[in-house]
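In what comes next, chain A is part of two complexes: it sits with chain B in the first one and with chain C in the second one.
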Partner chain A sequence: MNTTTRIWPRLAAFAAAAIVIQLSLGAAGKVYYLTQLTMAVYYAIVVMGLSLLMGYAGQVSLGHGAFFAIGGYTSAFLTTHNMAGCRGAAWFDLLDKCGVIVSRKSLYDDTLVLTVAPWLAFIVAVLLTVVIAAVIGYPSLRLRGHYLAMATLGFGLIIHCILIGSPVLGAADGITGVPSLSVGGLAVSGKSAVRVQNYYIAWAVAIAVLVLLRNLVESRMGRALRAIHDSEAAASAMGVNTPKLKLEVLMVSAALAAMAGSLLAHYNEGIGPSESSSFKSVRYLALVAAGGMANLEGALVVSTLLVFLSLRGWFGTYDNAVFGIILIAIVALAPQGPFRQLGLRMNRCRPLYKPGKEARSGAS
Partner chain B sequence: MVQALQYFFSGITVGSVYAIVAIGFNIIYSATGVLNFAQGEFVMLGGMVAITLASFLPVPVAVAVAVAIVTLFGCGLELVFFRRLRSHSILHMIIITIGLSIVIQELALHVWDEKVRSLPYFTGNEASSVKLLGAALSPQVIWVLGTAAIVVALLQLFYKRTLYGRAMRACSSNPEAAMLVGINTGNMRTAAFGLSAGLGALAGCVISPISMTHYEMGPGLAIKGFAAAVLGGLGNPMAAVVGGLMVGLIEAFSVSVIPSAFKDVAAFAILLAMLFLRPHGLFGRPSGVSVREV
Partner chain C sequence: MALLEAENVRQCFGGLVALNGVSFEVRRGQIMAIIGPNGAGKTTLFNIVCGLINPTDGVVRMDGKVITGLKPFQIAALGVSRTFQNVSLFPHMTVLENVLVGRHLHGRAGLIGCALRLPTQRREEKAMVEQASRFLEEVGLAEKAQHSAGGLSLGQRRLVELARALGTEPRLLLLDEPASGLNTKETDNLAKTLRRIRDRGITLLMVEHDMSLVMDIADEILVLDFGVKIAEGPPAQVRSDPKVIAVYLGEKENVASG
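== the complex of A and B ==
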């Protein structure tokens, strides 16, 4: 079975679905749905990253809400914190010379606002999150067992406390007024004029992430990961450096969460502390499980759909409970994900063996 | 000096609650290998149920009934989820406890709303105080410390002297061998869940007058209890008592160094430091790793 060659039809299907959804929403006069869809696609990036960690490396992280929030807050803080008062300081002049300081007029009066350029803030946000993930992951992933889950739960609680308790980060209100992130004429921004454009930007990013992760999973690293998931002892015996590999996967996964956080902070023009709550982290777990654990396409589809419904308010006040129940139900009843189960059912209808095939593969 | 003593008593008070949560962790962990993320929810449920019952029952009866209800609830969880899922991997069971934690919290939110509640003081009231070595203590502190001490002593007796306790220890050290000598390991697991839930509920009742009961209190308690359990060495219930008291004390004294809003960071720092330096706990010995997948 060669899955790498089969990815292009799937990507084409995703792209076609995205276009069909956009066109039909446009025809139905419900273009505003695209805003929530765009957000849902960004959240799906977090879920795909977590799927790599959970489904392939078999490690639970309850810190992805926090990683997302660190990414988003770093971007939001750096692009809104006015550094006009720092003019004259040597480090500031150096940054200015490098061209990473942007200026704009304040929204309220004519004062000059000097902030870090959004693209640099984005890079800083991702790097910072990766470093933090490494610090958390290093001690807990050296051990066998599920220490990472507890360590990240504690980490998430603390980040939540810090975000709510820090006036400089807007305390309970979060940070607002985050400018748009523009790269080469494309702007990640929540302005309704660029809604359609942003919808496609989000899909493009998500599909790029999917291709990236797909290649990672089909590589030597991916095979080593699956070996760890099946039996860590056996993988180690075969020469897989399990702690290092698990740490790398955690870092990739955290980087994706931070990336989504940063992009979403620009898209929503702000971010609040609720992003780091443990409910959000559990929601990501539930979405990974619902997507089929080790199934990146499933994660993308299911999380886009469910997060979209959640953002539309379908689950009402039971929002968190719904995701908790999804998590329990899927893991208890269909741990391989609903699609695997469905696929098996459907396969049962078809003849499983084609005569002659075994003979050929047996001979080779 | 008096202030240090005051910190000390507040430290061992919260510390003894962490210790009970940590014991609860260990009971389930050694019986099933599962890290139970819903451990803090047992504490919350105990407090909440007792508060509801206390509105029409005397407090001691309310506490006793609440502990009984949560014990049954713990047994029920094992019967409904974990017994049926014996073939699932540990990873899946852990994920289920994470889901349970969220669902129980949401349920509590809908049953009891988001108000912070508390049981009345067992003796006296908020204003009454007892002088001990020059520090002024609420009588409830004595209740918490006394309860924790009795719980630990009884558990020790249970594990060392009773047939049932010995059977439970046998199950955690070697389930197959325990089964061979005729111990019903499935029932032992159910009992472990019940015991762990009941202990948590008791802790939730005695601490409720001091630190209040809130539907969201579970995860915070769980992580501190886990830090205490790791400090003592995961799987060793009695070492968890020392771990719990240490986490409580470090947290209480950290208030004099860092802003109290960030005192939760202390417990987490301990957890990470322990995982770095002595993952087998202060009292445990590093053990060889068995190849058998647990």
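== the complex of A and C ==
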């Protein structure tokens, strides 16, 4: 049927676009735009993860801002909280022997700051978020209906209050002074010397996520979760363990939000409580809708663009309102997303293998 | 032992008693039809057998094992599959993909294996597509494999749903009004297909209003009226049962002519 497309040409197009943008910004002397673009690409990872959950599996989450914030705050806290006072404790020495404690000079004086290594903090951040998502999702996903939306909405409000109210997490100021995350010579860092490098790191991560999620939605499990979206009763009657699959997809989606949160905390050298506000959660939801709901490439392109404009301050004081308007406009004018309306079917799923003889006959 | 046994199944929806102590057995290898007027509780009975609703009272056994209380996917794994009265396909998926969901139980690739597209997952996927296309061929829809399921005619959608249910390789197949909305030719083909399915060893339990089809292919008929079993037996016997004739008074010639 229609325009079934291969992913590799599209990935090449993404890569080419990323390079062209970087080169032309360089030529135009606007290299500093890359900073906001890098951030926007990280936010797009949250939106792709939410698209998997909402667009494909049909489960609405209003807590992705909170999952993002838990990831970011966990990384930020573990990599800035000074554990020098714990020296001598058995567990600390054990961690130290395992090589997961790093030391650096304090920013303010000559004292030594001992913290968890950023790579370990990253892993802990993602795992912690996945566990929390499982706890939130388990009771609500055993039922059919929009219970997950309600549960995650409540959850997001609670997390926001906790972050704003906890002095140990910097209360309203959040956490600052988050060090860079280095893996194998590459550093996720906001320093202007590594700006270009970080722009490409962000794109590499986002495209890797895109490829993995594309593989997923076109597989046995992906079909099962699209089936849940269309008819949960029929999916279950065909043998799909719907509560389990919905929970697993929520965990994957939350893990991606946490991953983006953690990477951005390192990139921005800090994180604040506004990340967990329901404005942010609704924004992600609006971006999934604007990207075309069940459309991973749409999610990546649209959210990178809109978040970039938002970060550049284009929407001024109406920043949050713009995303509300987008949501209303999508519902009213193009419930299938703007791409359908424009006749572009970006996410047409292509069967991985075509059975021998009818492979061509169905195509028009 | 019968393949499926229902014992004293009772279902209340608020004050409405949809099923009032229904008991029956489905023997292996036969086509059993459930007939009865609108609202008799036929679909409700199917929903109880496949686990979509828990009965107020009573038990259902498959191979002597109690299945009431199990979830639909667990009952599906025991070899029960079904179609729905108001066709419940996945409209945003292709015809082939719909049947592939029917093959879900026979795959093992998990989320991570699927995302990484591991070699085992690729092999499994390839085999699944071959198998699913065979089920589509069986119902005569192979050439529609890549079409969107939402865009087919009602008759074709019923066939896709049948292929999807067959894809689970059930031992017991529940069909809720498979012939409704089909023209005469399609109904004739359906009768042939259903016989072929039975001859392959799949037991069929079918709700159907088309009396000539029922009389034609059923080995055994169960008649429900207002949630109560009023007759049960081979077609010839049920057709001449005075209680059945009384229920079908308006459609008497229908029953008689089958």
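The rule is short, and it goes like this: the second predicted complex is superposed on the first by the 339 of 364 C-alpha atoms of A that agree within 3 Å, B and C clash if a C-alpha of one lies under 4 Å from a C-alpha of the other, contacts with A are read in each partner's own complex, and residues count from 1 in each chain.
In the analysis below, contacts are C-beta pairs under 8 Å (C-beta built on N, C-alpha and C of every residue); 3 or more make two chains touch, one makes a residue touch a chain.
Small disclaimer: the values here were computed from a predicted structure and weren't measured.
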item: Which of chain B and chain C A:173 touches, first, second, both or neither; value: neither
item: Which of chain B and chain C A:242 touches, first, second, both or neither; value: second
item: Which of chain B and chain C A:143 touches, first, second, both or neither; value: first
item: Which of chain B and chain C A:222 touches, first, second, both or neither; value: second
item: First, second, both or neither for A:233, with chain B first and chain C second; value: both
item: First, second, both or neither for A:213, with chain B first and chain C second; value: second
item: Touched partner set for A:252, first chain B, second chain C, both or neither; value: second
item: First, second, both or neither for A:93, with chain B first and chain C second; value: neither
item: Common interface residues of chain A - those touching chain B in one complex and chain C in the other; value: 231, 233
item: Chain B - residues contacting chain A, complex; value: 35, 37, 81, 84-85, 88-92, 94-96, 98-103, 105-107, 110, 219-220, 222-223, 226-227, 230, 261-262, 264-265, 267-268, 271-272, 275-276, 279, 289, 291, 293
item: Partner chain B, residues of chain A touching it in the complex; value: 58, 60, 62, 136, 138-140, 142-144, 146-147, 149-151, 153-155, 157-158, 161-162, 165, 231, 233, 278-279, 282, 285-286, 289, 317-318, 320-321, 323-325, 327-328, 331-332, 335
item: Chain A residues within the chain C interface of the complex; value: 1, 4, 212-213, 215-216, 219-224, 226-227, 229-231, 233-243, 248-249, 252, 294, 349, 351-358, 361-363
item: In the complex with chain A, residue positions of chain C that touch it; value: 50-52, 71-73, 76-77, 81-82, 84, 88-94, 96-97, 100-105, 107, 109-111, 114-117, 121-122, 124-126, 128-130, 132-133, 142-148, 164-165, 167-168
